[in-house]
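One chain, subunit A, links the two complexes that follow: it is found with subunit B in the first and with subunit C in the second.
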Partner chain A sequence: MDKFTRTLSLLGAGAAFVVAAPALAAPPSTTAVVASPAATARAQIVDPLTLTKTSDLDFGTLVKKTTLGAAETVVIDESGVVTCTTNLLCSGTPTAASFDVAGSADQVVKVYIAASTLTAPGGATLTFTPSSSAVTTSPVLDGSGNASFKVAGSIDVASTTASGIYVGNMDVTVDYN
Partner chain B sequence: MTNFARTLTAAAVAAAALAATPALAATSATTPATATAQIVKPLVLTAKQNLDFGTIVLANVTANTNVSMSLAGVVTCGTGLTCSGAPKQAIFNVQGSNNQVVHIYSATSTLTGSAGGTLTFTPTLPAGATVTLTTSGVPGNDFNVGGSFVIGTATLDGVYTGNINVTVDYN
Partner chain C sequence: MMVRIPSVSMALLLAVMDLYSPMPAVAQCRLCVTPSTGPEAETAPPVKLDVETNLDFDRLVLGGSGSGSAVLAPDGSRSTSGAIMTLGGRAMVGTVIVHGEPGRAVRVSLPGAITLYGPTGSEVRIDSIRSDLPSLPRIGSNGSLSFRFGGELHVSGGADGNFRGDFQVDVDYL
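After this line comes the complex of A and B, so read on.
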C-alpha cells in the first residue's frame, strides 16, 4: 500500500513536468527588402540670377528719303550692323543691346524678351520687335556662373513716321526654367 | 511444492503484467494545439520613379528653412526660397503574396551637391507606413514617397543627388 501510494505521488509530480513553451520574442527580420537599383532624390539649388545691361540698343540715325512711301523694316543685328532699306539712309553709331547674366555655375538660362513701344517727344510711337539668338539658344553660365548675350531687333519706318528721337524700354527677363 | 511454485510463478507473471500496464492511463491529459507557418512569396521592391524637387533658388535665406514634398509631388518652399521646375515624388512598386500587409520602413539619407556640400533627406511615407498587396506577384502595388530637407545660410548651390532609404517587409 505504501509503495503504491508513493508511486502515485511520483506520477502526479510527473504530470507537472509537461512545461508550456515560453512566448518567443519577435525574431530579428532577415526578410526586409530594398529596391535595386535604389531610388534617388534630386534637388537643384541655385543662386538667384542677376541681369545687368551693359549696352542699350541704338539704330543710329535713319533719314527718310523723299521716295519713302509704305513702311520699310529696318533691322539691326547682334553685331550692331543696320541693314538699311531702299528709301532710307542709315548713319550714326548703331549698337545692339548687351546684357550680363550671373547665377550658379553651368546652369542653362532661359531668356524672354517682349516687344516694346518706342515713343517720341510729340507722342508718336514705333513698335520695336526684338530678336536674339539667346532666345532660341539659351546661354549657359560658365564655371564662374557668368554669361552674356545680345539683343537685336527691327522697327518699321514709313513716310508717315514722324521725325523725332524714339526711345523705349526693352523688357528682358532671364530664368533658370 | 510444485503447486506452490506454480502459484508463485503465476503471481510473478501477474505482477509483471501489472507492472507493464502504463501507469499514466489514469492521469494523462490531451489537448489539441495548432502549429502555424505562413509561407509567402519574397517581396520585390522596385523604384518606378525617382524623386525630384525641381529648382530651388536661394532668393534670400537668412535662417534655416525647409523644403518639403508631399506624397503627391507638391513642393512647399520655405521662407527665402523660390521653387520652380517640374517636381516629382518617388514611386515604388512592391510585389509579393496577395492580401498581405507590407510594412514600409525608411531612414534619412545624404544628398551630395555637385559643388561640394551635403543635405540630409528625410523621406515621407504613406499614412500608416503600410501598403496592402492586392495581387500575387505581378503587377503588385505602387506607393508614393515624398520627403524634405533643410537649407541654411551656408548651403552651397549645385545639383544634389543621393539614394532614398526605403525598405519593405511582411512584418
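After this line comes the complex of A and C, so read on.
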C-alpha cells in the first residue's frame, strides 16, 4: 500500500512536467526571415475610347446591264475604289467609311464591324459584308492617342435586285486590345 | 497471501499509468530529456516562398480626370468606384506558395502598401493588402501552404499608362 501510493505521486509529477515541457524546452526559432524573390504588381490605366465617324460608305450608282443574271459581287476598297463587274456599270463618287478613334497613347485597338442590311424604300434589302481586312484591322493609337481606320466591303447585285437607293446603318465598336 | 498483494498492486499501477500518461510505456528519464513536440531547428527544412502569380489589375478605364479605386479581393472578386469605369477581365490576385516543414506554424508578412510607377514618373498606390491566410497559418502535410492576396488600387489625376511596382513577401517559422 505504501509502495503503491509513492509510485502514484511520481507519475502525477511526471504528467505535470510533460504538459509544461513545450514552453520550457522548445528551441527558439533560429531560422532567418526569408523574403520571396521580387514580385511585381501591375496595372494599366487608360482613357475611355471615343469613336467618331468621318465618312459614310457609298458605293455610288450601280446600273444593271440587260445581261446581268446571277448575283455579282461589287467590292469597294479602303481608298473608295469600286471594282465594277462585267454586267454592271459603276459611276458616281464612291467612298469607303472612315472613323477616328481616340484613347490612350500607343494602345492597340480592336475594331468590331458586323454585316449590315441596306434597305430600299420598297422594302427590298441588300446585305453589306465588311471586307476581311476591315474585320481584322487593329489600329494602333499614336503618341497623342489618335488613330483612324476605314471600312471597306462588298454587296451582291443580281438581275432580281430591285432598283432603288439602299441605305443602312453600320454597327462599329472599338475596344482596347 | 503475501504473494497475492503485490500482484494486485501491479495491476492497479498499470491501470493508473494508462490513465495519466501520454508518454509511451517505456521507462524514460522525464527530468533530463527534452520531449520534442516539434522538430529542432537544425533538422527542419528551410522555409521558402515562391510567388506563383503577380498581383495584376489588368486594364482600368479611368473616366475624366477624377480619382477612383479598384479592389481585387483575395477570393478574386472585384469592384470599382469613383472615376474608374471598368476593370479588365484578366485582372488577377497574387498567389504565393510557402514551402517548408509539414505542420509547422509560419508567419507571413505582406507589404502594407505597394507603389506602382508609371511612364512619366507618375505613381499609383495599392494598399489594404489582404490575404486569405488563416489567423495561425501552418504548412500543410504535403510541405506547402498556398494563399492568395489582393488589395485596393487608388488612382487620381488622370494618369494613364502602364504602372509597375516591386515588392517582397516575407515568411519565417514561428
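Just so we're on the same page, the second predicted complex is superposed on the first by the 135 of 177 C-alpha atoms of A that agree within 3 Å, B and C clash if a C-alpha of one lies under 4 Å from a C-alpha of the other, contacts with A are read in each partner's own complex, and residues count from 1 in each chain.
Note that in this section a contact is a pair of C-beta atoms (placed from the backbone, for glycine too) under 8 Å apart; a residue touches a chain by one contact, two chains touch by 3 or more.
Source: prediction; values computed, not measured.
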Contacts of A:Arg42 with subunit B and subunit C, given as first, second, both or neither: both
First, second, both or neither for A:Thr67, with subunit B first and subunit C second: neither
Residue contacts with subunit A in the superposition, subunit B compared against subunit C: C
Contacts of A:Ser104 with subunit B and subunit C, given as first, second, both or neither: both
First, second, both or neither for A:Val34, with subunit B first and subunit C second: both
Which of subunit B and subunit C A:Thr86 touches, first, second, both or neither: neither
Common ground on subunit A, meaning residues reached by subunit C in one complex and by subunit B in the other: 7, 11-12, 14-15, 26, 29, 31-35, 37-48, 104-105, 176
Residue ranges of subunit A touching subunit C (in the complex, touch as defined): 1, 3-4, 7-8, 11-12, 14-15, 17-18, 21-22, 25-27, 29-48, 104-105, 176
Residue numbers on subunit C that touch subunit A, as the complex places them: 9, 12-13, 16-17, 20-23, 30-31, 34-35, 37-38, 40-41, 44, 46-51, 54-63, 85, 88, 94, 96, 109, 114, 116, 118, 124, 126, 151, 153, 155, 159-174
Contact footprint of subunit A on subunit B as seen in their complex: 23-24, 27-29, 42-47, 49-59, 67, 82, 84-85, 90, 92, 105, 109, 111, 113, 115, 119, 121, 145, 147, 149, 151, 155-164, 166-171
Residue numbers on subunit A that touch subunit B, as the complex places them: 7, 11-12, 14-15, 26, 29, 31-35, 37-49, 104-105, 175-177
